[in-house]
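What follows is a set of structures to go through.
One chain, chain A, appears in both complexes that follow, with chain B as partner in the first and chain C in the second.
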Partner chain A sequence: MRKLRIKHTLRVVLASQKEQIRSETAFLANFWADVLTAIIYVVTQTVFIDLLFRRAGLIAGYSRNDFFFLMFVNQFTYFSTTRLLALPMFLLVDSVRFGHFDLMMLRPVPLRAYLYARAIKPISTLLAAVPSLLIFGAMIDWSRLNIGLSSVILGIIVWISGYFIFRTFIFALAYPVFTEGDATDSLSGFFWTASMNQMPYQNLPQFMKVLSLFIIPTLLMTAGTVAVILMKGTSATIVVSSVAASLLLSIVFKIMWKRALNNYSSASS
Partner chain B sequence: MAMSWLEAQRFRTYPWEVFFGVISRLGETLLYIIFWVLVSRYALSGDIDTRQIVSFYLIASGITPFFYLGYGIGSMTIRLIKSGELNQVLIKPINPILYPWAIRTGRNAVNLSIGALQVLVGVAIAGGIAGHSLPYLVPILFNTLLINASFNIMIGTVGFYTVEAMGIKNSFELTAGLLRGSLIPLFLMPASVAAGLQLSPFPASQYHLARLLQGYPPEWKYVVIGSVWAVGLVVLAVKFWHRGLEKYEATGI
Partner chain C sequence: MKSNTAISVEKLSKEFRLRGNRHILSGIFRPEWQTATAVSEVDIAIASGEAVAFLGPNGAGKTTTTKMLTGLIKPTSGQLHVLGYSPFERNYAFLKKIGLVMGNKAGLNWDLSARQSFELLQKLYEIPISAYHGRVKELTELLQVSHVLDSQVRKLSLGERMKLELIGAILHDPEILFLDEPTIGLDISSKRNVRKFLSYLHEQGKTLLLTSHDMDDIVEVCDRALVINHGRIIFDDSMDKLSHQYSNIRYARLEFVDASPNRSFAEKYGEVLEAKGNKLVIGADKKQIMKVIATISDKYPIQDVAIERVPLELIIEDLYTKTP
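Up next, the complex of A and B:
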């Protein structure tokens, strides 16, 4: 029974993604503009890092090469969070505001899977993310990075924890649509969290480390992950605190989702 | 003025917009300040002054909404053209170039308030405005205003030629951020790079004013270069706008 349900969900996800690809390829100019912006971003950031390190030498033990790695993880985090987690929340807010959410709930498919599959744009995400990741990836001298297998595994654990924290954080920003009728302003406000995350995590003030576990998860996903992978400072504290925070916030997410649906059903029925 | 005031009234209806607007601005400022504090404190070279860099960042980001350095006017013009709403502006007895300024200034009320606060704090950290900076104030304000107005008009005009003008606007914004010294100030760049950039219009669009308010006015020759760019760019922008508008009128209304 469970196997059948998973198969059915996968079919729905695939069908939604096929439809997304069709609509994306109908508006080619849109994603070429995305690609152009991503490439210009990479160029400006590269020049920025180069100029900064010509002046600074080393920053908190991070070399120019380490900073390029930080930029690489930052880009990966940015595309993962905005394209895979934030876009579905924008769709959620719009569908609740304009009444399409009723139709989504009526469909015989898992609601969250359908919502995410409808919002994620595979082609533009790949086209915008891949060139910048390739360019940053090519600029890193991977052999000179101080990494080991265990540090990479721990870093991935921190990043995944941050991903789950971000999922709750972004849903919390979208939540007011179920109580106030709109959440466009709160949801749009998340962009500031990604404005500057390329920092040496171990040197951050304590309050910033706490904020990174709840309010600025992209800081944990970028700076925290890199600090653990490059073995800068105490990795154990970062790993334990991020896993604990993600477990706690995953419970919060489940409770909020349930309450949101209850609010919506009682308001719309 | 009346249109701006009317637009600003929206914040009375949408108090959450004010709240999240304030959180966004303060949050972004906090992240940048922490970054520069870490850079100045932990840089191996040890010659980056924390006070100077933090006050520069506060002033530079504080003046951003006043001169539309994020090219919000350009974005709005692009949207007006793309949606066809420009038709309604053109048939009214108002200047279509100035219309987005009036609307956007009202909507920008929160950003302007926080921006003013940032500038005040930045100037206070720098030790107040120096007396020797005052003769530079008017020409530098003139340059900053005209250059950014020209960039906004030109970016908006691109909307007449392509539906994906927002991508071009975003790319230009990123490039300008680096060239005008808001991503990394010119005083932290190698001298030859900084001197080369001073020949372009970008430093005069933000860096000169920010440094002036810190008590470090640019050399007069760079102010003059900025003025030449300012006048030239305004003439070019207005011509570009009129050519774009002719194209729009031919196919639009």
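Up next, the complex of A and C:
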């Protein structure tokens, strides 16, 4: 039964994504601006980092090559969090505000899976993310990175933990829409966290490291992950604390989601 | 619960928490909350296959009740079963058996054609592919929208869009259909078409709960009325019984050669509904109405007369005003 339900959900997710692709390609010009913005950002960042490291060989224990790797992970995190987690929350806030959430609730599929499938735009995500990742990826001398199989696995664990922490964090910002009727401004607040990701993790003050577990999870996902993969600092502490925080916050997320639906009053007809 | 009961509701209530502060600053720093009762201890029983009108003035609790029946919002208290399910549990088998049409909400993707949106619905509701094609063909032909099935939804007229929304809501062949203002904003021809279609669904044995401010929708589709006001049911019986207590009253629609008599003059003979220009609408007992017309026409020559039963709008309005 459970297997059948998962199969059905997957079929619906695929069909929703197919519909999204059709929607996206109906307005082709729409996403070229996105691609252009991403490329301009990457090029300016690349030039800036290059200039910076010509004057100083190492910054906070990071070489030019390490720093490009940090930027690579930063971009990967940025696109994953904004496109796969933040966009669904913006859709959630809008649909609750304007009453379209009613129609989502009536569909015989897991509500969150359906919400995410309706919000994620596969084509524009790929078109914006791939050029950025390719440019930063090309700037890295992969053979000179100080990485090992175990450090990569631990880094992926930290990143996934951060992903679940971020899911709770961004939902907490969207939650007021269920109690107050709007959360557009609080949700937009997540963008400030994106500007705090490009800092070497092990050099951060202790309070920032703790904060990254709960309110700046993208910092953990980028700087924390890179510190673990490049074996800089105390990896065990980062891994254990991020896994523990993600488990705790996943429980918080489930409780909040249930409370949100109980509080849902549905926009008037 | 009887086996043929589609909807069973006992002492259903819903309260909302509202912000009560009048001043902006105190509202931010010290919010005060008030409780508003939208629905209060409502009892409803609807059998399978009934077409029931759910009527009430704005803010009476119709939409809140419908949303509780469809599982969109959680009741504050009371018992509620729809087809044997507790709606708020969002059981998938339950969701496959109900359909909801909201006249002012779009379920179809505006950037795509209706056919493309229907394809997603086919996957969502796991409709067998052959049944799906047959149903799309049948419904689009019945509602006369086959020719726009492949046009982008945003380019369609309101009437075409509404008909396609209706098809989207019943594509999975639900047992119960909740309709909230399904003909809102439509032209006369589209309204007629939608009503005919709803009557067809009723004949097919579907249970309908129809909320509408358009009394023609109600008269043509429903055989029972539930009237709600201030969150309480104030009438629950057949459409015939609803108009029965007004069956002895008639309205005369008079058109005078010159200006109509003033209101105070006309009020001596019956209840004046309208007195404008050379027109007057006056109500009286059906045995007296001819005498009233004759008396008035003695002083004010009449060029046209029409005698009507009490319109449903007025019956309902009268019910509302009688509610404390």
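A few notes on this one:
Keep this in mind: the second predicted complex is superposed on the first by the 263 of 269 C-alpha atoms of A that agree within 3 Å, B and C clash if a C-alpha of one lies under 4 Å from a C-alpha of the other, contacts with A are read in each partner's own complex, and residues count from 1 in each chain.
FYI, a residue touches a chain if its C-beta (ideal position, glycine included) is under 8 Å from a C-beta of that chain, and two chains touch if they have at least 3 such contacts.
These figures come from a predicted structure and were not determined experimentally.
Overlaying the two complexes via chain A leaves chain B and chain C side by side, clear of any clash. After overlaying the two complexes on the shared chain, residue contacts for A:P205 are found with chain B alone; chain C is out of touch.
In the overlay built on the shared chain, the residue A:F48 is in contact with chain B alone; chain C does not reach it. With both structures placed on the common chain, the touch criterion links A:V12 to chain C but leaves chain B unconnected.
Annotation for chain A, partner touching more residues between chain B and chain C: B. Applying the stated contact rule after C-alpha superposition, one finds that A:N262 touches chain C and leaves chain B untouched.
By the touch criterion defined above, A:H100 lies against chain C but remains apart from chain B after alignment on the C-alpha atoms of chain A. Once the two complexes are overlaid on the shared chain, A:P108 sits against chain C while remaining clear of chain B. In the superposition on chain A, A:T37 contacts chain B only, with no contact to chain C.
Of the two partner chains, chain B is the only one that A:D185 touches; chain C does not reach it. Smallest inter-chain Cα distance, chain B versus chain C, after superposition on the shared chain: 6 Å. The contact sets of chain A with chain B and with chain C never meet. Within the complex formed with chain A, the chain B residues making contact are 14, 16-17, 19-21, 23-25, 27-28, 31-32, 34-35, 38-39, 41-45, 48, 162-164, 166-168, 170-171, 174-175, 177-178, 183-184, 188-190, 193.
Across the interface of their complex, chain A is touched by residues 16, 63, 67, 70-74, 90, 92-93, 95-96, 98, 100, 102-107, 109, 111-112, 116-117, 119-120, 123-126, 152, 180-181 of chain C.
Within the complex formed with chain B, the chain A residues making contact are 29-30, 32-34, 36-37, 40-41, 44, 47-48, 51-52, 54-61, 176, 180, 185-186, 188-189, 191-193, 195-200, 203-205, 208, 216, 219.
Chain A contributes residues 5, 8, 11-12, 15-16, 19, 22-23, 26-27, 99-100, 102-103, 105-109, 111, 261-262, 264-266, 268-269 to its touches with chain C in the complex.
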